[in-house]
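What follows is a set of structures to go through.
What follows is a pair of complexes built around chain A, which joins chain B in one and chain C in the other.
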Partner chain A sequence: MSGLHLISPTSVNIPFSGSVSVSANGGISCTSTRRIDIRNVFSANYDNYMIVMSGYSPRDYSMTWGLIGANDILDVNAVYAYSGTQFEGTGNYDDDDWGATSFHEIGVSDVIQIIGYIYSPLLAEPTMARFFMNGYSGWVAGAGIMDGAAQYKENTIHNGIYFQGTEANPFTGTIRIYGLVK
Partner chain B sequence: MNQFTGRWNPTQIYDKRLDAAWVQPYAAVGSMVPIVPSATQGSGTGNTVTVSTNGTVTFSSTTRITVTAFTTSYDAYMVVMRISGSVAGASAQRLQLSNNGTPDSSSNYITQKMSLHSTRTIARTAASGYFELAPVPITPLVMDQTIHIYSPAFFRTTIMRANGVAPNAIANSSPRVWDSVGYYGVAADFNGISIYNSDNSSFNGRISIYGLEAT
Partner chain C sequence: MPAINGLVRVKATSTANTGGTATQTTNGEYVFTGVTSARLDGIFTSIYDDYLMVFEARANGASPSDVNFRFTTGGTDRSTASTYRLQQITASGSSLTNTSSSLDYGRAFTLPVTNYSGFNFYVYWPARVYRSGIRSVSALSDASGTVVDRMTYHMENLSSDGIRFYSTVAFDMSVNIYAFNQ
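Coming up: the complex of A and B.
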């Protein structure tokens, strides 16, 4: 038995512009989506999840993300926190925030590839995450690194996740969410 | 002689390719396999340890948890854990490799760690008797880590990489990015890991171990 299962969400929602499709196995493909809500993708079969994203935006890339609670409602409680570091060329930028209504932006400029782990979002415990981001940086015309840690402090059950860009920075690419068998 | 009698095992089914080679089917080759530990040991007054059908170890009130799960069937392993502690302060969690439930506490471990919170801090620890993991928060806060352990069951040096996220000791502040690399610098083989806190305080949590199949 494989310990890594590609999960198919019950539904995806794009409240703004763009289009999205979900393959038979659960792979999500977005075209110029400003926000995508991935609903009921967390299940009791798994505690922990791995997310793989790849894609691009037409301008310098910036996208926040957050969790979805009961009734498919975005959780915007001000209990999200983030720490991260970013390397582009010879530049290094450390960043953190606390008490935000979503997690910090992810991505490195124009082209991104992300692997992330989300820990226990469906349990009534804090949700934690680590993201490892690689990309092409338009600022330095080279590769970029961005590593981050995220914490949702409260003991809240979440069954989905959303990613949100801006009107000028929609997301085109793929999102895959895998469950780690427990 | 019939070589195919015995119990049916889905991981031992082979397909015959067009070039006549016998291979395992796609689903069983190159995948990540949940490992059911062959043994677990918990220490501490009133500790409990349970193992799920697929191998996740859940424990509470333990001052040390030892899990025997490595074999030469896999080169590399991925360990995913959530830990929550019981004592105030920056108790650091430690990992030792083990054999048949006995932790190795020799001074062959070296940890290189990077901890980031607002301002980046980098530190190198000298040789010690453990691989250092992220600080342990107090319940209900939690610390999560994904640890890759390379070739522990083979008679080689062993490399470990932990990518963790832990709350900062300062309340209401951003979490730590915790990355550390552990090096066990002497050739040896191990079949498990043992986790404990630097102050030997008790902790609760879950550990899942996956073997990464080599194609």
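Coming up: the complex of A and C.
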């Protein structure tokens, strides 16, 4: 038995500009997509999930990501919290927010590469996330690292995830969501 | 929909080494012993975007070995000046340092002698005609249990099909290669 399964979402919605396609296996490809809602990707078959995301957007930190709750509604309640570190050149930052409306902004631009984990989104408990991001740092004109942990602090069931940019900063790239077999 | 394996074993179309020996197990693990250069050809293709490489490695001799890497195409190094942009975090004991560099190669490992250390490479979009990146996470077998976390992105918009590791000091390295299904 494989320990990691690629999941095919029940539906993918892009309410604004851009386009999206889903491969026969479930891999998602976006082109100039302002927002993508990946619905019903969490199921009772798995407790925990791994996300692999690669691509680019015109500007740094122009995207956010968060959870989708009942009736496919984006959960943007200000009950997310995160703590993270960011390394660019010889500088580093600590970053935290305890009343955010999403997991975290995503450092995009020339490259965005993320390994993320979502823990127990279907439980009526806080949902936890851990992410390891690579990006281009405009400050040092080089590579940047941004890692962190986040949580949705209330006891709410979520069945999907969204990524949101802006009209001027859409996302082009790939998103794959894997379930860790239990 | 039936579950699709999330990780797929990848095998090289060929390998090349300088010094030492190279062997391949039936399952597809590559073992290089006492080499100063180890190249894996044909591992990155248009079938998959993102890859996971898992290494065990050590210096083969009395001196620590700094191992670098370059992407390759058809066995030829990608070696344009200043195209490998690195951000590196080193945590050793109670010390944390971060540095950046711009080189014609990427930094892969700093290998202690005697015992094997472990490394993961997450490789994003190497075969696409776009900037590719590697996030490497290590667990060194030195006295401090040092962590070295590196992000390297290759700025050239070129497709690569392989990777070469090299050093001035002989090293031992085994590697298993997987693709994230999509």
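Here is the rule we use: the second predicted complex is superposed on the first by the 178 of 182 C-alpha atoms of A that agree within 3 Å, B and C clash if a C-alpha of one lies under 4 Å from a C-alpha of the other, contacts with A are read in each partner's own complex, and residues count from 1 in each chain.
Everything below uses one rule, namely that a contact is a pair of C-beta atoms (placed from the backbone, for glycine too) under 8 Å apart; a residue touches a chain by one contact, two chains touch by 3 or more.
These numbers were taken from a predicted model, which means no experiment stands behind them.
Within the superposed three-chain model, A:Phe132 lies in touch with chain B and with chain C [touch as defined at top].
In the superposed model, A:Gly84 makes contact with chain B only, not with chain C. Using the contact criterion defined above for the overlaid structures, shared-chain residue A:Pro170 touches neither chain B nor chain C, since it reaches no partner. In the superposition on chain A, A:Asp94 makes contact with chain B only, while chain C stays out of contact range. Looking at the shared chain after the overlay, A:Ser2 reaches both chain B and chain C. In the superposed model, A:Pro121 makes contact with neither chain B nor chain C.
Of the two partner chains, chain C is the only one that A:Ser54 touches; chain B does not reach it. Using the contact criterion defined above for the overlaid structures, shared-chain residue A:Val111 touches chain C, although it does not reach chain B. Looking at the shared chain after the overlay, A:Ala149 reaches chain B, while chain C stays out of its contact range.
Shared contact residues of chain A with chain B and chain C: 2-4, 132, 181. Residues 1, 3-7, 49-50, 85-87, 89, 98-102, 122, 124-125, 130-131, 133, 135, 149, 151-153, 155, 180-182 of chain C are the ones that touch chain A when the two sit in their complex.
Interface residues of chain A facing chain C in the complex, by the touch rule stated above, are 2-6, 8, 23, 25-27, 45, 50, 52, 54, 56, 87-92, 110-111, 113, 115, 132, 134, 136-137, 140, 142-145, 174, 176, 178-179, 181.
Put simply, chain A touches chain B in their complex at residues 1-4, 47-48, 81-85, 94, 96-99, 117, 119-120, 125-126, 128-130, 132, 147-151, 153, 155, 180-182. Those residues of chain B that touch chain A in the shared complex are 10-11, 27, 31-34, 52, 54, 56, 80, 82, 116-120, 140-144, 146, 163-168, 172-179, 206, 208, 210.
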